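This report concerns only the one structure given below.
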Amino acid sequence: MSQILVINPNSTEAVTRSMDDALEPLRAPGGPDIKSVTLAEGPPGIQSQRDVDFVVPHLVRRIAADNQSDAFVIACFSDPGLYAARETTARPVLGISEVGMTTALNLGQRIGVIAVLKQSIPRHTRYFRAMGIAERVAGEVAVDLPVVELSDEAKTKSRMLAVGRTLKDSHGADVLVMGCAGMARYRAPLEDALGIPVIDPTQAAVGLALALVRLGLKPRATT
Amino acid sequence: MSQILVINPNSTEAVTRSMDDALEPLRAPGGPDIKSVTLAEGPPGIQSQRDVDFVVPHLVRRIAADNQSDAFVIACFSDPGLYAARETTARPVLGISEVGMTTALNLGQRIGVIAVLKQSIPRHTRYFRAMGIAERVAGEVAVDLPVVELSDEAKTKSRMLAVGRTLKDSHGADVLVMGCAGMARYRAPLEDALGIPVIDPTQAAVGLALALVRLGLKPRATT
Amino acid sequence: MSQILVINPNSTEAVTRSMDDALEPLRAPGGPDIKSVTLAEGPPGIQSQRDVDFVVPHLVRRIAADNQSDAFVIACFSDPGLYAARETTARPVLGISEVGMTTALNLGQRIGVIAVLKQSIPRHTRYFRAMGIAERVAGEVAVDLPVVELSDEAKTKSRMLAVGRTLKDSHGADVLVMGCAGMARYRAPLEDALGIPVIDPTQAAVGLALALVRLGLKPRATT
Amino acid sequence: MSQILVINPNSTEAVTRSMDDALEPLRAPGGPDIKSVTLAEGPPGIQSQRDVDFVVPHLVRRIAADNQSDAFVIACFSDPGLYAARETTARPVLGISEVGMTTALNLGQRIGVIAVLKQSIPRHTRYFRAMGIAERVAGEVAVDLPVVELSDEAKTKSRMLAVGRTLKDSHGADVLVMGCAGMARYRAPLEDALGIPVIDPTQAAVGLALALVRLGLKPRATT
Amino acid sequence: MSQILVINPNSTEAVTRSMDDALEPLRAPGGPDIKSVTLAEGPPGIQSQRDVDFVVPHLVRRIAADNQSDAFVIACFSDPGLYAARETTARPVLGISEVGMTTALNLGQRIGVIAVLKQSIPRHTRYFRAMGIAERVAGEVAVDLPVVELSDEAKTKSRMLAVGRTLKDSHGADVLVMGCAGMARYRAPLEDALGIPVIDPTQAAVGLALALVRLGLKPRATT
Amino acid sequence: MSQILVINPNSTEAVTRSMDDALEPLRAPGGPDIKSVTLAEGPPGIQSQRDVDFVVPHLVRRIAADNQSDAFVIACFSDPGLYAARETTARPVLGISEVGMTTALNLGQRIGVIAVLKQSIPRHTRYFRAMGIAERVAGEVAVDLPVVELSDEAKTKSRMLAVGRTLKDSHGADVLVMGCAGMARYRAPLEDALGIPVIDPTQAAVGLALALVRLGLKPRATT
């Protein structure tokens, strides 16, 4: 059976499990199989540009060493190593930021992005400009909770809701993307509370990977 | 079982069948079911802006009258009635141009579009600008064969290949989108001959519809 | 004598008369004649994308059937059927949104748009991007009065003034476009109160039509 | 009777007369009067950025000293002094480049500009970007004839036709703007030969001035 | 020894001296010499578009008459006569707005501009669009103190700090450019108080001039 | 004495020496000292995205370990690790691509880039979009010589001249940037032959570093 490998580039197993749970609806009899793995060499969380950049060699080597998967999803909203990985294999490699944002183009006119940390916003901004879609981004606002409080689900949900409301009401967003992996459990509650679509980018990326694998679409070789 | 309805807005059954054949790899046991239908009220082919606009009321009524499908794909590269249909139903409605182009953003840096008719290019250009992704479009070139010659598969394939080569070599495209429904049979040969990914937009749109249906993602209600 | 036909695509005669009154200053001895008509097949008001799209076939047929006018103005800020109409006749067809916005480019650096309904804003946003002038749009804010209250002129004027002030003070607009036909009576009071130019798009479009007819400028045939 | 003053900022009377002839169709009984004047202090032709800049003080003083006109048109495709003039008077001041280009937005998707001199192209490019419409410009190509040969009408027409054809066929332009005042006599022949609309920017600017004067639209005061 | 001539186009000697003081750190033994001069023909301050435009002939003649300098810096944030001056000499001519803004592109993602007068903002906006970098400008806010109060350093500093804070906190700027010559004494205090880099554009322009002179880089001749 | 550290991230000493020679004109008595070093851990040449990404950790550690330099220049046209390095130190870190391109904005309207390898062009294109200056890029063309032939100076110069001519004549570039470190020896000959300015990006970056160090400008801390 064909297989899609979803790689969590941080080393926190709980994040991988949370991500993986959210992929359950995309699994079907007959496959492809969707397998989520943790990158042991990654940091506990990817927060800084340094975290993003330093995980790349490990991630690319992991993908290069895999000869069983038919497609790869890099499950970090900074898409670390996306282009280097694409040089490494002729099989599709997708980044959850790129897929999350381009999927959002189909579900609204103005995209709001919920960041976890404020310091990630300039990095994301550069990337949205690199994608050539910055004109469609209404704004990005950070949850900005201390890490210890992120494990408090009620507090996190309440803060995400506040951020989502700001993006909708002040920035004019009509579709939201959660700018992080492993937050899918907040997706449906946000969507219900705000009345606009909310995208979990890992789900979106695996959805596209499924289509590419089934259709046998060949990725770009080296660019 | 859940169902995705793919509507060919022209009245030519052969086009619907050709489209439908290309969706076979996306069908899986357990569904969703993918059903392709022909819009009887459509013209034999959609060529002009008038053709696009006049088919809209029929298309929107068809979608409004449907209470069995979980998602809809409008299978014409001008995405006729996409936004009116989205007002009509709370279920996802996707257009093959919007999905084809936003999928291409994940597979290359510069998108080349193969048009069937030269007269469609300014219409597509306006639409790519409306999507806010024009910066990523390397160019669009038309096959521009007389309708009678389009049924000659060898001639059409040879002409599509020439157009694809122009887009790659002169316009610098590194991913191609076929700007029409019902041409999926030329996708793999083009990809093989040119060495860059080629997207059939109907396949791409059904791929995204599958993910949305499985994930239960709620579309935007009225915008 | 040459003639410009101004078509109100909604079926409300009062709107047509109000529009027509505002065109009086553009009439001159020797012509061209400016004739305003109501599209009987239109809805009472054009509010949704569905309203826009469903009126197109009637509007295009109306224009195609006319062999007496030298130019046409489609008097709805969503420019329904503009491109299909241009395919139908070699005579100029203008849309009040396109002319209103491009005229505004000459009267300020940052355009504010006064919408009637909030739900129209995403539709207008897509269109401004399609025009390639979105960089010049400071913002769009809706009057958003219930229809019954729109007939209360004092209330409407007061609400338009509030919206205009928001566009000027919070969005930084230095020229305003009224995003609707039939509101010309509020133009001068707004301009006087706000101290920045205010454009009635129907006046602007008929102004351009006059110039094109007099100069004998040939429109684009089919694109 | 109200009056529109068209100022040719170069000192060549023949250019003024040629421009003025082309405005004849815009004159109507009852006015406004359209009066073309030559700026005696201007150079014989405006070719360099220095020519553009050095004529500004004379032009602005000319406009400031005028208390009879209701609107002004600056008839040079570099729009010298447009913004300084607008500070000087509360009456409308229009530039033929700004009006020519924004009018073209209504007549095609991709604007081709016919420059007289190659050295003007970077100056125009900066200006089109400043207008925020560069995305709509297909290209600009220069006639680039020595001044002595410009007086040879047959040679000039033939060269303009060649440039127009290049803009249409190689750059994909579907509307042309003549990037100079005083060339209106070539407009209709070009349009006929190429089959796409051709705009004389002085005609376009006077057309807009007529509408503004008749409608009593108030220009922006100081920006 | 080679020489860079910094021209203050307003006639206020105190501004020239203040500017010149701030260039001291760029002076080095062996040169180039950095010489600041006042343009006697300029107005006391450059405030309006008319001020900008009317100073150009004087400025360009001053540069053309100089045969001792190896590079020129025009020290007014509207870059008066920049392109005409570049036609006049084959030696580098830099404008403090162009260099200040393009330097800022290296020090932050979103540029905030502190204007002195509100009326300058639309002029600057047009120029940032002309540079093609408007996407990187977070906003511009004016100090807008009456001229007499600008000489009160404490008041001015306090007002600049308030404006800088607005640009950082409300507009999201992460680098600031002071939109004026002669304000360098506020640079370091602003940077210290706000914690983001603050650029004095005259310093930036002289810094680039130094590099060009030392490297012998040839400017563009006539465009 | 203050010091600028220029790091060649590939391990080829000859490239470092060649770069360093070209920085001689920027050295002045009194400093800052300009010191060029080779990153021993780098590959012989940086060609692929993988090469770019894999060198980042070494480069960032090298910068973090340095407590003697006042500013850093990363001398590879893909600016590896630029943003991670900026998180690592409060001293200025400049990338030769970012500085080379933003310097070019001051010397021409349309930038042409000479790439060494064709495969780098999509990577550069993404980066120019990320910078928000893609509108100013006329095109990028690769020298595309096999590595062994790059050491043949006559052949390389002749090929660079051909590429520069294509960029000038076919793409309309009026300023060129050499998209690589270590090619400064070709700069002056290209400039002389083509008659438009040619920028060596390492020289440009060190020029800016000199100004920042002398002025004591504080870089952005963490974004």
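Note that the chains are named A, B, C, D, E and F in the order they appear, and that numbering of residues resets to 1 at the start of each chain.
Rule of thumb we're sticking to: contacts are C-beta pairs under 8 Å (C-beta built on N, C-alpha and C of every residue); 3 or more make two chains touch, one makes a residue touch a chain.
All figures in this text were calculated on a predicted structure; none of them were measured in a lab.
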Hop count on the shortest chain-contact route linking chain D and chain F comes to 1
Farthest chain from chain D, going by mean C-alpha coordinates, please. A
Option in A-F, B-D or D-F whose residue-number contact pairs overlap D-E by over half: A-F
Per the centroid of Cα atoms for each chain, what is the distance between chain C and chain F, given in Å? 51
Interchain centroid distance [CA atoms averaged], chain E/chain F, Å: 26
Please report how many Å separate the Cα centroid of chain B from that of chain C, as a whole number. 32
For chain A, what residues touch not just one other chain but two or more? 109, 122, 126, 129, 131-132, 134-135, 174, 223
What is the shape of the graph in which nodes denote protein chains and edges denote touching chain pairs (line, ring, star, complete, other)? other
Let me know each pair of chains that touch one another. A-B, A-C, A-E, A-F, B-C, B-D, B-F, C-D, C-E, D-E, D-F, E-F
Once bound in the complex, which stretches of chain B touch chain A? 25-26, 28-30, 94, 98-99, 102-103, 105-109, 131-133, 135-136, 174-175, 188, 191, 195-197, 199-200, 203-204, 206-208, 210-212, 214-221, 223
Given the complex, residues on chain B that touch chain F span 109-110, 135, 174
Show which residues of chain F lie in contact with chain B when the two form their complex. 122, 125-126, 129, 134
Note: in the complex, chain E contacts chain D through residues 48-50, 52-54, 56-57, 60, 81, 83-84, 86-88, 119, 121-123, 126-127, 129-132, 134, 222-223
